[in-house]
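First chain written, first letter: the chains are A, B, C, D, E, F, G and H, and each begins at residue 1.
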Amino acid sequence: MKGNEAIAEAAIRAGADAYFGYPITPQSEILEYLMAANPHERTGMVVLQAESEVAAINMVYGGAGCGKKVMTSSSSPGISLKQEGISYIAGAQLPCLIVNVVRGGPGLGTIQPAQSDYFQAVKGGGHGDYHLIVLAPASVQEMADFVELAFDLAFKYRNPAMILSDGAIGQMMEKVYLKPQKQRSTEVPAWATTGKTKERERNIITSLDLDPYAQEQHLLRLQEKYREIERNEVRFEEIMVDDAEFLLVAYGTSARVCQKTLQLARAEGIKAGLLRPITLYPFPYERIRSLASHMKIIVSVEMSMGQMVEDVKLAVNGQVPVYHFGRMGGVITEPEEVLEYLKTKI
Amino acid sequence: MKGNEAIAEAAIRAGADAYFGYPITPQSEILEYLMAANPHERTGMVVLQAESEVAAINMVYGGAGCGKKVMTSSSSPGISLKQEGISYIAGAQLPCLIVNVVRGGPGLGTIQPAQSDYFQAVKGGGHGDYHLIVLAPASVQEMADFVELAFDLAFKYRNPAMILSDGAIGQMMEKVYLKPQKQRSTEVPAWATTGKTKERERNIITSLDLDPYAQEQHLLRLQEKYREIERNEVRFEEIMVDDAEFLLVAYGTSARVCQKTLQLARAEGIKAGLLRPITLYPFPYERIRSLASHMKIIVSVEMSMGQMVEDVKLAVNGQVPVYHFGRMGGVITEPEEVLEYLKTKI
Amino acid sequence: MTEEIIIAGFGGQGVLSMGKIIAYSGLMQDMEVSWMPSYGPEMRGGTANVTVIISSERISSPILRRFDTAIILNQQSLDKFENSVKPGGILIYDGNGITRHPVRKDITIYRIDAAEEASRMKSQKTFNMIVLGGYLKIKPLISIENVVKGLKKSLPERHHKLIPENEAALKRGMEIIRRLN
Amino acid sequence: MTEEIIIAGFGGQGVLSMGKIIAYSGLMQDMEVSWMPSYGPEMRGGTANVTVIISSERISSPILRRFDTAIILNQQSLDKFENSVKPGGILIYDGNGITRHPVRKDITIYRIDAAEEASRMKSQKTFNMIVLGGYLKIKPLISIENVVKGLKKSLPERHHKLIPENEAALKRGMEIIRRLN
Amino acid sequence: MAKVKGSIVVDIEKCKGCELCVVTCPTKTIALAAEVNGKGYHYAYPANPELCIGCTNCATVCPDGVITVYRMKI
Amino acid sequence: MAKVKGSIVVDIEKCKGCELCVVTCPTKTIALAAEVNGKGYHYAYPANPELCIGCTNCATVCPDGVITVYRMKI
Amino acid sequence: MKTAEGLKDIIKPENLVYRKSSLITDKPFSYCPGCGHGTTHRIIAEVIEEENLAENTIGVCPVGCSVLMYDFLDLDIQQAAHGRAPAVATAIKRLMPEKFVFTYQGDGDLAAIGTSETIHACNRGENILIVFINNGIYGMTGGQMAPTTLEGMKSSTSPYGRDVKMMGNPLKMTELVAMLPGTCYVTRQSVHTPAAVRKAKKAIKKAVGYQKKGMGTCFIEIVSNCPSGWKMTPVESNKWMEENMFAYYKPGDLKVPAESDADAENKNEQ
Amino acid sequence: MKTAEGLKDIIKPENLVYRKSSLITDKPFSYCPGCGHGTTHRIIAEVIEEENLAENTIGVCPVGCSVLMYDFLDLDIQQAAHGRAPAVATAIKRLMPEKFVFTYQGDGDLAAIGTSETIHACNRGENILIVFINNGIYGMTGGQMAPTTLEGMKSSTSPYGRDVKMMGNPLKMTELVAMLPGTCYVTRQSVHTPAAVRKAKKAIKKAVGYQKKGMGTCFIEIVSNCPSGWKMTPVESNKWMEENMFAYYKPGDLKVPAESDADAENKNEQ
């Protein structure tokens, strides 16, 4: 099963209520799979091809506001168009899932895989102070698994979650175990707009506060939520770090590549280890900080000009040198190249 | 003259060829001023109210592609909508000016001033690896001055430039000296699409390279350009840093506030100094790095949850503690609060 | 010399334009000025206020917590800003519609019944000029001539005929302002 | 055991689906698999290639620079991938339209004229199955039964009737492949 | 034909003095007050209450919904 | 009425064998070749060149613009 | 204030003939004096109350003067991004088809930035009601030109009057939308006179019925005023609207369902 | 290959009656065999060459199969973001009113994501030519449903056929655009037969003339095929197009300038 298809099937099985999206390579299979799988008959899930990415993300807003499990997916240019909507969703504290199957940018760029949307996903894509919960799958299995995880986290914190994947994992096929079908939830969150009954006050979904002091209070509550997420939800994987002298930090496709690099390096007696952030937000600052003291150098490997490397540096805070290595523009970094680079820095 | 009006008048005088924009508070005065000033008669400048921010930024793309001095302006939610277009402009290496008169976000937020779009402007608003040249005015005078500067830098590097202001400076009125009217340029850049003459190859404006290796080459050229900008164009202002033990780092409105804080602090014998980044990209990493060694602590003061503070930390790289202070959501930080905060950290 | 002023009232009272005139007049007198409005939907109907700074030096922050002078035009603003006047500063207010009067002892309080006076003069629009006149009587930082110059600068050409009327209002304001403590 | 394969040709030759069948067959044999296509507009008309990995262990990178086996279906791909075969690896190619033949000495080279054979068998669509048969003859990593299972999995129900024809093609491929060095 | 008599109640503090009710009243029952309400608006009130026929026109056009109308056959 | 004779030249390597010229030719001059070109397409060629009247129909519908047409009165 | 004797007798619950809907909250409308937004809010609330739909209604308000609609109507409401209300409503209705879903949008919102969302929701025939307040101006942001601003009309971004050569023609979105097979009921109304208000209310009521039957998109334009943006008194603004707006935006039905019992005479009348 | 004797005599420069335009580059079109994009490119190039406009033309290509148009036409060309070509062209034309400016857009580009830009450019009456290739599908991305996909038509996102109840009606953008006062010439053409190609070319020529006179927006829809997306041979696809697409998207002029000498019979003929 392709990574994109795994997302689609996992969404149906996770009991998603709706998908709204617009075609774009390399992730059109998500919508295509959903349309063919006819989830409306299987679970009642709504699948709609929107007229644009802007419409799609605002449909997500509407559906999420009703307390439903709603998702969209796109690739880089389409995700840029969604930024206003994403900021609204974050501001209105709505849970939802946004999938970005990243391709090379800027602009129309290329349709080949890249990791150059890290900043957009993790720092400020849209305007204002907010965070998405960002999960970075490194296998088709994780593409599937993270759908449910993302929904769970999104609802737990009333916060949009993003799966930040890339064209490689989206297009790749591997073995995947899918969970059994879950019932769509009939629970209605207390804040959802489902029609005001006499038993409760009216529910309002908004991100507006004309009074700056009220808005500041809202932001302070948001901030508190983010601190909580940062305390509770950091996820990462470590490979051969125990005796490592050289730490690679990489996520997604690059992490797969680096795993191979570890084998090559170890074969040459180079003690390399890998830390793979699974959550890009919240980022495993603490763990990297404490690992850094045992390392000689740290290399952030990303298919970009160097974005996550800033977070790695913030974590390391000057303890040891931090470098960036990676190919760009849709070129997938090869394991050998990483090793060669590493050797130049040793 | 209001800050917004200063931008508009300065644009006419700088010989801008066109403005495309869509109304949004707190910057609608830019378009309103231009419409009333009738620059079409004064200089032939085109001013058009677009049907949306998305249309406006793509008009900028079209006009910039013809080698013209073209600009747009908006405020936070509108700037989010422009992200795809901005990424295209960066990818196609077109010079232009984008003004963001920031208001509090996320979402619809508030119309009051904020500095919470720093990440969006400086890291990754749109998709892909790119940078805007980002100028942060701290006075109405600079609102005017930076228009021409931004155009000059944009054309020098074939790169979009942004003026990152906020509602306070946009709405504020102060004394401003305007330069005399400049002629609109009749020079046609060699790369501009103005009709293919027999003397040259056809010109193409695009950000597409389906071949990832070609795209990577393109990105390497971009990267080289960014390194050059980082070498040449860092701008900042220093106030009372020579004998300072406590460094405030702040831009725009916050920098004004901090200037007052300095007075209050010095009056109490606290040796505070201020570094005001004028270019947020390229950021004055080097200067802050070298100043850091003389400081006891550094406080980044921003009207946000803390965004520029990450760049300050990257600059300081662990030498001394770095803190963030600032109000949010449209509340303007007050000079006294900054001092009070500073005292808690001393 | 630095004078930091807040003018507060509600939309339609000419709060912002009074501030603008002070700022322009300051400019005419070759001073540094800053005019920073509260803006937004409040402009229609709700409260409105503006911070004006006139100074012989470069102005740092346009945003202030404490003011040398507060010019207050309705109850809500009085409640909000009375405590923002620096000790030793002054507070000027229009008594129209005020039920809870200012109480501070460490500042000088003036009252000017400009609304009343304006309706007596049958020129509602000069209300804010009367207040301004009162202020200039107390703090003669700017000469009347420069105010007139500032007026000319801030009013569109076609309204210049109104300037004499405004000048009269200024002078009237100087007459009717009275100290309360 | 890990087998890293590149299959390359041009769009329409069934490159991606051959890779898919190998992957599915590997799954049937309870192995870890990875299938990573080049994708995009090249899929229409241009070149197409796919990297398939079958392994008894967890697969790290799906992206490879060197391969155990290259299955090459046109000249362009031969030029591009001949040097990517690991020393000691194998290269299988269809001779149809090839003018510059492979030259490496440190790998084993096989030729299979599957295109010719397919048109002789009057079933163009089984072209890629003939090639696959040849490959499995050389590297019998997967049993024919599991390939058939894989086929069933990757083909839509309504095409299952074509399976016997494909099986025949597989077997024919096993017969006609020949070693060149 | 039975005669009808009407009466209106204006929520004076919420009235914005837009005058739409005044111009729409067929019997000229309503006028704007010389005084202003707390918001500063010259509010509407039944200046000639005896003329009211309870037709609800005023309440129907009132943007702020501040008029309540009663009617009685007499 | 003067007779006209035509002739076409097909840029075989660029032809994609779409057959649109074949079906549009009023004189059945064109056919697809049994062989393929470098791209693998069965290219178009004037199978019955003597029939061509130079009407340009084939060139007009050819999406790839690979047909050049000549015509002569005889 | 004079109060004629005997009036107290009239003011009794049993004589009540008009009182604002209980679905209107106590918060005073933030609209300027005389603004049609208030009147339109009122009749929407009345219809929902009369149809007993409050528990089953989700409203979507736009960015525009009516952005705070959720403060004034005692209903579950979502505030949509500028122009996107039809997309938001699409999702709500598709996920909860049994609910009554409506959007409330200004002309800048619906006919400028939201053009695409409007056209496509109508084209898909989403079972929603779109209430479109056309006041020919951007009210909220201070009176800028809207797509619907009339030729020659002044606004803060057309200070010398709209020049159609440079700024385009006033856009008749309602006419466009009426052409789409997805819409079942398209009408243009106003709320400036008692008769107009009553008709507009009837139109909303019809739309509720059509939505119940799942007949497609209902689209109700309310040609309205903006005394502040037009710089007129409320009374003047209504007069100006009748004389100028109605000439271009002709009130009346543009499309009624074939099988409906909608009054045929209604068509293009005023 | 047989070559009749005497043909060599014919193949002489003086007998040349058709050769592709010199504005077509040597790079082979990236389009699939039989695709109408190629034919349309060809006639655009021919008109520009015949009108001697190459030095004064700026083209805007979309995101869609024709994204690489700049590789095939020897003209100055800008590649616009998906759907935004009309906005891009608006700026180009306003800044260089003396140039000939055209956009070239697919149905996904123009009628889905670009709806708003299309409507508003036409409404402003921008003096540009919009060439709209309606093949009822998203060709480039692999055959997804477009707004113009016919009822019941299969695509990768309507694998069971377009269900208008769920997915909306095929959208007639050209009819919408014809209603806007900003457009001066709106026509629907095709390029599948020699006669159609010649007519389509004439339409483009007319548009060039109207643009020179500054008469407003010209909008030319080309109903076209997508053999790959439709999963048909080119010949089958043209037949299917004639039988199915033309029934819904009726070829002919929808709007011609009053003062033009456009052939009146042209209207809705074919």
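What we mean here is this: contacts are C-beta pairs under 8 Å (C-beta built on N, C-alpha and C of every residue); 3 or more make two chains touch, one makes a residue touch a chain.
Since this is a predicted model, take the numbers as computed values, not measurements.
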Fewest hops from chain C to chain F - one hop per pair of touching chains: 3
Minimal step count in the chain contact network, chain A to chain D: 1
Rounded Å distance between chain D and chain F, as computed from the means of their C-alpha atoms: 38
Whole-Å gap separating chain B and chain D, where each centre is the average of the chain's CA atoms: 54
Multi-chain contact sites of chain A, meaning residues that touch two or more partners: 25, 48, 51-52, 54, 77, 84, 88, 92, 107-108, 111-112, 206-208, 210
Junction residues of chain D - those touching two or more other chains: 40-41, 45
For chain H, residues that touch 2 or more chains besides their own: 32, 67, 79, 81, 112-113, 115-116, 120, 142, 147, 167
Chain C residues within the chain B interface of the complex: 20, 23, 27, 32-37, 39-41, 59-65
Parts of chain H lying in touch with chain F, wherever the complex brings them together: 1-4, 6-7, 9-12, 15-21, 24, 28-29, 31-39, 42, 191-194, 197-198, 227, 233-235, 238
Chain G to chain B touching residues, read off their complex: 63, 67, 79, 81-83, 108, 112-113, 115, 138, 141-142, 144-145, 147, 156-160, 166-167
Interfacial residue positions of chain B with respect to chain A in the complex: 54, 76-81, 83-84, 87-92, 102, 104-112, 114, 116-120, 123-130, 206-220, 223, 226, 304-305, 307, 310, 313-314, 317-319, 327-331
Chain B - residues contacting chain H, complex: 17-18, 20, 46, 48, 50-52, 54-56, 58-63, 65-66, 68, 70, 84-85, 88, 92, 193-198, 202-208
